[in-house]
Amino acid sequence: MNEILLNNEVIVYLLSETVLYLLLFVAFLVTVGLVKKWNFDAFTTEQFTLENRSYLVMTIIFFGIVLKIILLPYFVYTIDALSDLVPGAMCGAGVIKANAYGNPLLALKIVILFLSGLWLSINSIDLKAKRYPYLKLKSWFFLFIFVLLSAEFLLDILYFTHIETTNPVSCCSVIFGQTGGANSLPFGLDIPKLLMLFYLLFALIVLSLFSNLSLVSVASSILFVVVGYYAVVYFFGTYIYELPTHKCPFCMLQDHYHYVGYAVWGLLLLGTFFAIDYAVMNVFFHTVSQTLKRIAIVLLSMFVFLCSGYVAVYYFKNGVWL
Amino acid sequence: MRNNAFLHFLTLLLFKQKSKHIGAVLISVIIIFLLSAVLFLSSSLQYSLLSALQKQGDFVVTRIQAGKPANTPVAWVDQILGINGVTHVAPRIYGRYFFAPRENAFLVVGIDFFDEQNNQALQRLLKDVDLKRFFSKDSMLVGEGVRKFLEAHYFKNDFTFKTPKGTFKKVNIYQTLPKQANLIDNDMIIMPIELAREIFGLGEGEVTDITFNVPNDAEWDNIITKLHLLFYDVRVIEKREVKKAYENLYNYKGGLFLILYLVTIVTFMLILYQRYSMVYSTERKEIGILRAVGWSIKDILKLKFYENLVIVIISFIIGVVLAYLYVFVLNAPLLSHIFLGGSNLANHVTFVPVVKFGILGSIFLFYAVPFLAAVLIPAWKVAVTPPKEAML
Amino acid sequence: MIKPFFVLVTILFLLIGMVAGHYLQYDRKTPQEALQGISAVTNFSSPALSVSYYEPRILFYETASNPAYPQMQALNRMDFVYEK
């Protein structure tokens, strides 16, 4: 038996995912029935049962999504804990690269969280209306998410069963460092341009949120996630580690850096999610929620301040830039 | 306290249906208690071992003969000293002394007391070691467990060792090693290296193994290569290997334990599912009344969800706190035997509290997810009963 | 919130507070210094497993098995807990 599967965290993680998947599978079956037979204007017993069932689906999905939100940091924590077992790995970066399933899995998880967050928003406006106007839409949407969830579950199992404890993996300094000599930033950017883009995009999101330019803010948010990722890994991270050569998105999740990585990535993902959520709700459903907008702006500003704060503190302490 | 109507009703309901919840809480507390006690204990042991390891020498070298460790020539010490970058080379004799009448064994460690580094370390460990008095006759330092054992067998001030040659060697008990270090020195006897050589009957110029430090860790791999070039029959144990081993010490075993525990969790889920599917008529009526006075299905689901969440959190807190008290205040009676054994000298270890956030999170997920998942569908079934039907 | 529940929550918080207090004020330094003192002197950091004479006492240094004479292992062997 694979030694990885005997790790405490992996067992807990896989158990939670399995239980969730089973529940969501029930929700999937019920939703298929809903989509087929839903007719709000009918006064049949069947329609009545369907309405009741829609509550079951809603509860399960709500429960599932809340747990998925908790399980994402837990997954990262698990990966980090595995770095003790996999030879050569100093942090999660090596473990996630241990086989080809790791990176798609992590990306898929984030995409699913974004989509299911949107589902929650649609659900809440659907419930507020009297005639369940978006029920068909949200059911189809859930069916789509469920396909992704199945893929995720499959990847989960494939990923954890295929980590070798005998093959050494590469350490983060090899994966992210510039040992290859080539510039690893996309679009031929260099660090100053990347930073300019980072702050400009942040300003653009805030401005577009305030002036209700929804499509602009969706586009800039998605770009901001990408640019923010590269900025943290290749610039701000070096100030967190206080080492110009240390470029890694995972090491900052360790206790040596006071688990600050969870705050950094959490703020970035949540902030952009709320920004997108606000904009999508605004465009497609014409509901404007001031709280969503405020939360998005506050979270994103906290993210930018946290990152810049590390740079500023380093400069004040040492009087030099890295 | 601020009085929110929903919260008021929720707590009122919880206390009114006390008997319904008490069973679930009890089982949950037991499950969480057992699980967290084991995990707390292993993480505490791991923490202490890793901190002890920091001061250990970086390398241990022994001679290997026919695949088994053999006595190492003392002459190797000088050869190892000749390698650049090596410091603190110390020969060591250790072995287990078998006390036949009771079938018990002590770990006897002979070290060079005149070595400067050893001497400093000893002074730091025992504040008032007087080497003159120590060497005025054959003396040794004994661990807490050894002292108790010897006292119980009327060896109050000295102990007589039997050497392989058949002669007897009386050794004075000089002092007890600190009790706080019981985790590693309980059955240990520390004595001068010559004395240990005599007791174990090693030849002149022979030791068990040799330890040394290499302060520059970039040189470690280099040094190993050099050692293998110097000697052909050696085994080198590196500190970083031991460290890795300590880090994974409880990984697989803890995992096996958790897999066995899965059975319990699944059973518990089934019980919960059954328990919550059996809806009593009074409860049905309650839900019916709530629906009749205008609660929507969503409100009732919310009520049920919070009800179970409160149960989960309360049992989690009680279970973890009980486990904490059991392990770190009572020092885990019975359970510590599993981790430290009980077939030799009795060991009373005080466990240093170590609670990692990750472990708490794992325990919570391991228990809360199955719990809430099991009650979700039954709760929905109750919530959607039509009010008219329920009131009948 | 009704009163009994409030009392319950207060008790739970008190419990957590007590545990947190115990955890924070615990003297980690003395045992750590003692342990490190022992390992500095003897170069051993293996836990003092209370094992029978024929079992390995130092983790990962020695193995007790006799390849020429395999035998059924006793259940209380510490190898069951600490096997690599």
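Per-chain numbering from 1; labels A, B and C assigned in written order.
In the analysis below, a residue touches a chain if its C-beta (ideal position, glycine included) is under 8 Å from a C-beta of that chain, and two chains touch if they have at least 3 such contacts.
Remember, predicted model here, so these are calculated numbers, not experimental data.
Counting contacting C-beta pairs between every two chains, the top pair is B-C. The most distant chain from chain C is A, comparing centres defined as mean Cα coordinates. Separating the CA-averaged centres of chain A and chain B is a span of 35 Å. Distance between chain centres (mean CA atoms), chain B to chain C: 2 Å. Across the assembly, chain C contributes no residue in contact with two or more other chains.
Multi-chain contact residues of chain B, defined as those touching 2 or more other chains: 252. On chain B, the positions that touch chain C within their shared complex are 1, 3-4, 7-8, 11-12, 14-15, 45, 48-49, 51-57, 60, 69, 90, 92, 94, 96, 98, 103-105, 107, 109, 111, 118, 121-122, 124-125, 143, 145, 177-188, 190, 211, 237, 241-242, 245, 249, 252-253, 314, 317-318, 321, 324-325, 328-329, 338-347, 350, 352-353, 355. On chain A, the positions that touch chain B within their shared complex are 3, 5-13, 15-16, 19-20, 22-23, 26, 52, 55-56, 58-60, 63, 67, 70-71, 74, 77, 81, 84-85, 127. By the touch criterion given at the top, residues 1-2, 4-6, 8, 12, 15-16, 19, 22-23, 26, 28, 30-53, 55, 57-62, 76, 78, 80-84 of chain C touch chain B in their complex. For chain B in complex with chain A, the residues that touch the partner chain are 39, 244, 247-248, 251-252, 254-256, 258-259, 262, 265, 297-298, 301, 305, 358, 361-362, 365-366, 369-370, 372-373, 376-377, 379-380, 383-384.
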